[in-house]
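Before anything else, here is the set of structures, which you'll find just below.
Both of the next two complexes hold subunit A, though its partner changes from subunit B to subunit C.
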Partner chain A sequence: MRPIALQISALSKLAVLDLYRRKDLAVVFVLGGVILAPLLFFTPFGVSTASRYTNELALLLVWLFSAVIGLGVSARLFPPEFESRTIYPLLSKPVSRGTVLAGKYLGALAASLSALAVFYAAYGLLAGVRQGVWFPLIFWQALFLHAAFMVVVTALSLLGSLTLTASANLTMCGLLTVGMLVFGQRLPELATAQPVPGKWVLYAIHWIAPHLEFFDLRQRLVHEWPPIGWGVCVAVWLYALCYAAACLALASVVLRRKKF
Partner chain B sequence: MEALIMEEVVKAFGVVRAVDGLSLSVQQGEILGFLGANGAGKTTSIKMLLGFFRPDRGRVEVLGKDPCDPAARIKIGFMPETAYYYPFLNVRELLALYGGLCGMGRESIARRTETLIPRVGLSEAGKRPLRTYSKGMLQRAGIAQALLHDPDLLILDEPFTGLDPLARIQLRDLILDLRRQGKTVFFSSHELSEAELICDRVAILRQGRLVSCGSVRELAGDGGQNLERIFLKVLGVDAQGGRLA
Partner chain C sequence: MSRDCSRWMFLSFAAAVVLLGRAIPAAFDDGMPQVRGEDVLAQVLGETRLAVSQALLAKADEYFHGGVRHKDCDHGLTECGYDEHDHDHEHDANEHDAHHKFDPWCIINRRVHVQEHRHMKGAEAKELLPWLWAANRMSADNLQSIQASVYVLNSMLGNPAAARDMLQQGIAKNPCSADLEFVLGELYLRSFKDGAKAETAFRAALEKNILQNDEDARLLRLRTLFYLGYLSKLKGDIAGLRQHLLEAEELSPQHICTRDLRNLLQQSEGP
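Moving on to the complex of A and B:
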């Protein structure tokens, strides 16, 4: 392996070990399992169509837990390095700050995606057992776009981790994520109805904040709607990659200018 | 040949000049003790030597290169003053991480790890997570990571802090052994007795300025004073901390 690949691999492994050796991830997995399993086997009022709502609730929890893991892992990438001064021996090695950033981001992303894969595998298996439909195409598309969501939120939280404490960053990114998932689609509509300057603020959010609702195929998955076109999936992934690249470029500037 | 050069280096943080016109050079194979009271500018100087930030004015060169270039740091080993490492790793994993950052392959990391862990006295604790280590053990792990890639220049920030007497003797022997191998050692310290025992030269810093530099014998002059007396005299204070007339 080339030295830069060795460096990125070492840093990524650190982020993955950090996640998997903490007890909080185990708590999320256990909690997820405890909540998901009864939901997926529960048929409200004995009506099979009502089970869609439990599926919807289960998927909401998958989104919630995956967002907590994605944001939580990347929010903790830099603050402990600064607080415990491990950044000094790290940067004293022949490694550029850009490589440190890339390694940490890829590690956080790998850790988050592995957790996401576990959640989707559990959902897919339980939904398959109950409905008799095993991993339909829309399931894979939902997973594919959810992974793009993780690409964006980990980059966003990584950017915040360079300037904010882990808890402040987690709170801010968490609010932004929930806000955009709930109101993202309706921002232009809401902006039009507002007087100035609220209108400008909402338009600014519309253009600057990540449109996380693009990645959400929960409704299609729950109601077994037909799959979306792969061209749309690719376009949404390109949007995710561009947004993450912008966050990482900004993070790189912040890290380069940071004095330790 | 000089292992490191600082020429008229100035670094200010706001209105405070942490380093003020510092000029210093260290020859290859030399041990230099970098001494000064708290806030004298030792750590700021070390950070510039490691390329953490650039000086406002002046020139810093380490092993013939600009330390802000990552490639220049390939032959530098650094041990920070407060040695906290990732608490969820054990010392072998810590060395694997830093070895990877130095671009070392898995086999060479394993080889160096097998040599270094007994050398720093961590054989018994090799598999324990670092969160269970005492401060002295963390210092030892810090020394191991600094030596991992067999650097030509070692920069140690307060290396004797927190070490028990046995570990101090071992570290002292290790530093002298490194000099025998032709390595350069630059260390900051408050431990004047240690500096006196192992340094070829000492440099004393006051308020960011170099006030004295030379071998202990040179600085003592005909008076035959020990380093503690020299230090107090150079800083212009008496043993009770009062300013000398």
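Moving on to the complex of A and C:
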């Protein structure tokens, strides 16, 4: 048991180091600063105390950048190993394919969650300085559910990296993420309004596709709505864990059958 | 030698390009294929500015409802009736619940995303200003956005001077708008208590309104006539009040504004 844990830990560290070596985080941080800085000095009609619009934009950037980092990190774990054939020495250590998959996934997840923690710390400081409210309960719930989003997205992207080419995987996962965040909540409504073949397709998407909008608490955080019940948070986390487990099980099957 | 020649040719061609670039627009000012816009936004976005401005106003309306887009609420910023109210939208939520009773995804969504209906009140309305400012900046033709800004600045934030400045800028950019003149008249009358300026604005609204002939214009004319009649009564000008009543009766004898004018005249003339 202990050697497997050590192997997983070593594989995970590599993914985390890869994120910080590539300086992706620094780039998105500078980009976010360039977008937000002018808005902080904006005084519409001579009033400078409005803050929700900057909070909303900052959170939008947090979501965008975290999705880019989560998808990017997990999508580029396997393809370079296959291309440069370094997967052979890795599997001949000996490390089982399941262990490689688990290690890579946990590494991608740890890297994405560390980036997410940095983003939320920056957001919490920005909102605290502008509004004088420091890290309210809804902030922690938003972070908690956003972490569940990363659990699902990294698992999806990892599965995609084993079945599709790198660019196709990023495009598909990006479209799925944006599509579900925008339309996920309205899928039953849209399905009801469609004629029969389209209706069943939309219902199928509604039941099968990952409901990433469950993890989005931006509306409550920005507009100071009360927190949601912890029971709902746990239910959403269970959904995320089940979905990620299903993706990883599929990825494991694909990796086992894969001929290098 | 050939390198020097190339350098001089390059420099002379570059100079010719710069000169032509300056000379052609000066020589053919009216004959240029593209018309010079009033600013960068106008040049880049053209006619789509109004659509973008309306989207920004819809965003302000969403903020007014606490970040929730309510299609069924006709009391928002994008509608004319801004009255505060305690109405109930729960019936829709219940209908929706019944429809998707056994759908766990819908149940989770309704717990995570806000379903309640609320309106912004008081100083909180400052959060609307960035969106309204952007909507006005994007297109000066969006009268609804100007009126919403005036409402927020004057009624919600208690800053009638900023509302007046906003309206005067709007009127300068929309000189044919009777609606804006009418709102300016109301602002002078209610917030500044300045009857003379209010009357000037209402008369301007009436003059500009003659150019239009639809149902909205007719209603606006009736409301303007009511205010003019009311101002006449304040001045003790009974003949003026009677004149406005006659005009209102011609437009719609049973309308509430006409009835109110009739009441004003009866009060002025005594029992």
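In this text, the second predicted complex is superposed on the first by the 240 of 260 C-alpha atoms of A that agree within 3 Å, B and C clash if a C-alpha of one lies under 4 Å from a C-alpha of the other, contacts with A are read in each partner's own complex, and residues count from 1 in each chain.
One rule holds in what follows: a residue touches a chain if its C-beta (ideal position, glycine included) is under 8 Å from a C-beta of that chain, and two chains touch if they have at least 3 such contacts.
Keep in mind that what you see is a predicted model, and the values were worked out from it rather than measured.
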Quiz item: Looking at the overlay, does A:14 come into contact with subunit B only (first), subunit C only (second), both, or neither?
Solution: first
Quiz item: Is A:185 contacted by the first partner subunit B, the second partner subunit C, both or neither?
Solution: second
Quiz item: Which holds for A:85: it touches subunit B only (first), subunit C only (second), both, or neither?
Solution: first
Quiz item: Touching A:131 in the superposition: subunit B (first), subunit C (second), both, neither?
Solution: neither
Quiz item: Should A:171 be classified as contacting the first partner (subunit B), the second (subunit C), both, or neither?
Solution: neither
Exercise. Tell me which partner A:225 touches in the superposition: subunit B (first), subunit C (second), both or neither.
Key: second
Quiz item: Should A:94 be classified as contacting the first partner (subunit B), the second (subunit C), both, or neither?
Solution: first
Exercise. Please name which positions on subunit C make contact with subunit A in the complex.
Key: 63, 66-68, 99-100, 103, 105-106, 108-109, 111-114, 116, 126-127, 129-134, 149, 153, 157, 159, 162, 166
Quiz item: What does subunit B use to touch subunit A in their complex?
Solution: 47, 50-53, 70-74, 76-80, 82, 84-86, 88-89, 93, 96-105, 142, 145-146, 155
Self-check item: Residue numbers on subunit A that touch subunit C, as the complex places them
Solution: 42, 44-47, 49-53, 145, 184-185, 188, 206-207, 211, 213-214, 216-217, 219-220, 222-223, 225, 228-229, 232, 235-236, 239
Quiz item: Which positions of subunit A touch subunit B when the two form their complex?
Solution: 1, 3-4, 6-7, 9-11, 13-14, 17-18, 21-22, 84-86, 88-96, 99, 259-260
